[in-house]
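Following are the structures in question.
You will see chain A twice below: alongside chain B first, and alongside chain C after that.
Showing the complex of A and B:
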């Protein structure tokens, strides 16, 4: 177990290093940063001044090593646009994104696990087929479009929910649903497949032979085994949701990390862009590790 | 007093296409070891699962009589049947490697059955589990209780299955080929254990096997199944001494007997395989493989008695 953790940690660090390098290179490839920072009316002298002020005149390698050196100590630099520290900026925006991501994941699990179990218990019935159909549609539906539809129906026509901003919990309902929708199909199908497999297994026959109640057979014996891949995928899905909330934060004007990333790209605020990419990558890698750990916790065979 | 288990004319079908069991009858007395023998696919396991009402989805059972300790099992609903299973009647299976839930410890799986059926504390259940693990020959029961199935060998897992089946002191234990998946040396140990537990606890044991060597050693009574029917049933000594049904005779010829079998003589075999029989089948299921078959075998199969307690299904005279 300890060696397994160490191995995973080394891989995680390598991934983080790769992401840092890529983020740095890609922001430089987007054009001459000094020109875009100085703005359209700047003279050649202004641009030179900006280049000097931000250290863009130094060799690229030196800039990179400088950034990496600071980043590992937690210093992600200053935003060119907001004139504050990038870390402060991200820390301010993170709660919104985390709230959104966790809302989305909770909703997704609350919907997909019961649906998956019921579909498995009623395998090959109309209910099962309906669930699979919904999952298919959910998979195919672009999230921005679903977001706009919800806004039109529940925000504008019915007036039940606010359509933008982060003032109250109600603001998170629609974005949460949209985000959940992206994860529901995979989680439902995984739960269904896992339950069908588990219910056909010998240990379920044993559980029945022991005269256990139906609830105990389904929820204690079958679900426990069917849930192992579901939980693991759910952790990875949360990573997707945190990174993928850029579109939804945009649609619902939620000022989270995704919104910040979009703003910074538009304004060529490249220290922020680099930092957001790095932070999301680290979170993603961390969640993948959590997923492995959960797997090991749930499946005793992996603990050895 | 009625038999512990009384099965009369049990029929099991799967979706109207195949008849897995066609009117099989058998009884298990209290404290009796009854062996059910026959080759693969003749309906032994399905019979056992039908008695326990554990048939897979699509399986349907009917019977003229199906009683356990005098109670009609056909009248019990799922809940009523669940109250008996694991309690007064228990079952162990052919596949010890996959029959335990990989996610729970041995202790948790053993105590859960007792706590389901008896009003006992976890402490009492744990003590009983440890005691039974000792009885089935597992050393360091305390350690085993905390282990997961994957940490145990196949033989140990089957011992755990046996101990788990005994948790609620059942009257009847159905063992469906409990040793088929195990090493030969382990097979013998498990069978000795079953025979000894049966004697010590006065269990009614319905043992399904196709190993006639086992039967000769531990069975009080033998029923031979073929194509979903019990074609012959007798006390063990009687059956081995005087088999009446051509299929039973064929089965016995397939077993080498030291001293009686000559080295240069080939061991007997029954040509062909068990036919797949659909609903509406008439006559003797064995007739295509039988050397004594004639035209009458396609219609009627008389039920005959060779001696008290020795019945068989064949037109041949006793």
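Showing the complex of A and C:
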């Protein structure tokens, strides 16, 4: 178990280092940063001043090592546009994105686990086919479009929910539903497949032979085993959701990390862009480790 | 309608399933629209006419029979833009899949076939790729380098190879140990020949399934990026861009976002249905 953890940790650190390098290269793709920052009306002297001020006159390798050195200690540099520390900016915006991500994940689990169980119990019935159809629809639904449709229906026609902003919990309902939609297909299919496999196993036959109630067999015995991959994937899905929330934050004007990244791309604010890429990647790597750990904790067979 | 009668009570799968056929029809129609778009558009999709802005589609009161799906906020024929948009979606979906397929299959087959250190490196590359937030990085690249179709295709291609790599790796790992591969080795075939003549043809059906699903994913991502203003450059009628441009009018005339959205949804659904059907038809149930 310990060896397994150490191995995973080393891989995670290597991945983080690679993403760091890629994020740095990404922001240098456009060529001369100083020209883009100084803007279209800048004179040669302005550009030179910008280059000096932001340390862009140093060799690229030195800039890179400087960035890495600071990032390791938690200093992600300063935003060109907001003129504040990037780490502060991200910390300010993170609660909104996390709230959105956790709302989306909770909704997704609330929908997909019962649906998956029922579909498995009634395998090959019309209900099962309907559930699989829902999963297919969820897969094909463009999230930004679903968001706009919900805005028209629940925001405008029915007037139940606020259309944009972050003032209250109600602001997170529609974005949460949209985000949940993206995770429901995978989670439902996994629950269904897990339950079908579990229901066919020997220990369920034993439980049946003992005369246990159907509910007890389903929820206590089968679900416990079927849930292991679902819980593990849920952690990974949260990582994908945080990365994908950029679209939904933009549609609903939620000022989270994704919105910050979108603004920063539009404003050529490179330190923020590369920092957000890095932070989201590190969160994802951390979540996959959590997922492996959960797997190991829930399934004693993997602890060997 | 299929005349075949289901012999057992089990679910009809593969080509016996209605879903597969619906998917195939949708994809066929989309391909037809994509290829023959310049010939079948009823109007020029780029011509603006401010005198006929936001004409309503055929199911609404007071529509103009010349413009079946109405016109957009600049008076361009919506049906023509929709057909042209199909061409853009399919073009991007297919080209992105070719780029990501070449990268993913190469990486995956190398890892699965050779194993050992090479496989460790391949697994590491896949892990790293999965940790990168796709939409954000694609937005950043396009935002920094400017919007163009070529750039968009290359960026998405470089970001979406993970599923190809995962499937190519696991399937070639299984094929590697089969007898006919051993026979090829014994016959003195070169590594390249074993890979290209023995391994690749035997994992091809799995890869076709992945490719179908990747086309759908690429089309969705293109629409998303275009919606955010950093995908296909205007005035090209990408469906995502059409939704973005019509967004300001959606509260007064919801059909402006409903039409391109439905088109996008139906196309992606159709491709996924076809992909699932192909998987069942090939008997490749291994989920990715």
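One rule holds in what follows: the second predicted complex is superposed on the first by the 303 of 304 C-alpha atoms of A that agree within 3 Å, B and C clash if a C-alpha of one lies under 4 Å from a C-alpha of the other, contacts with A are read in each partner's own complex, and residues count from 1 in each chain.
As a convention for this text, contacts are C-beta pairs under 8 Å (C-beta built on N, C-alpha and C of every residue); 3 or more make two chains touch, one makes a residue touch a chain.
In this text the structure is predicted, and so the values were computed from the model without any measurement.
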Quiz item: After the match on chain A, would you call chain B and chain C a fit or a clash?
Solution: fit
Quiz item: Does the superposition put A:298 against chain B (first), chain C (second), both, or neither?
Solution: first
Exercise. Check whether A:29 is in contact with chain B, with chain C, with both or with neither, and answer first, second, both or neither.
Key: second
Quiz item: Of the partners chain B and chain C, which touch A:158 in the superposed model: first, second, both, neither?
Solution: neither
Quiz item: Of the partners chain B and chain C, which touch A:212 in the superposed model: first, second, both, neither?
Solution: first
Quiz prompt | Comparing the two partners chain B and chain C, which touches a greater set of residues in chain A | solution = C
Quiz item: Of the partners chain B and chain C, which touch A:61 in the superposed model: first, second, both, neither?
Solution: neither
Quiz item: Does chain B (first) or chain C (second) touch A:136, or do both, or does neither?
Solution: second
Quiz prompt | Partner chain(s) touched by A:45 [first = chain B, second = chain C, both, neither] | solution = neither
Quiz item: Once superposed, minimum distance in angstrom between C-alpha atoms of chain B and those of chain C?
Solution: 10
Quiz item: Residue overlap on chain A between the chain B contact set and the chain C contact set?
Solution: none
Quiz item: Mind pulling up the chain A residues that touch chain B in the complex?
Solution: 201-203, 205-214, 216, 221, 224-225, 228, 298-301, 304
Quiz item: For chain C, which residues are in contact with chain A within the complex?
Solution: 9-11, 19, 124, 127-128, 130-137, 139-141, 143-145, 216, 220, 223-224, 227-228, 230, 240, 243, 247, 250-251, 254, 257-258, 261, 264-266, 268-269, 272-273, 276, 287
Quiz item: In their complex, what parts of chain B are in touch with chain A?
Solution: 52, 54, 78, 81-87, 90-91, 93, 95, 98-104, 112-113, 116-117, 148, 150-151, 161, 164
Quiz prompt | Contacting residues of chain A [partner chain C, same complex] | solution = 11, 14-15, 18-19, 22, 26-27, 29-30, 36, 124, 129, 136-137, 139-145, 148-149, 151-152, 156, 189, 193, 239, 242-244, 246-247, 250, 258, 261-262, 265-266, 268, 273, 276-277, 280-281, 284-285, 288
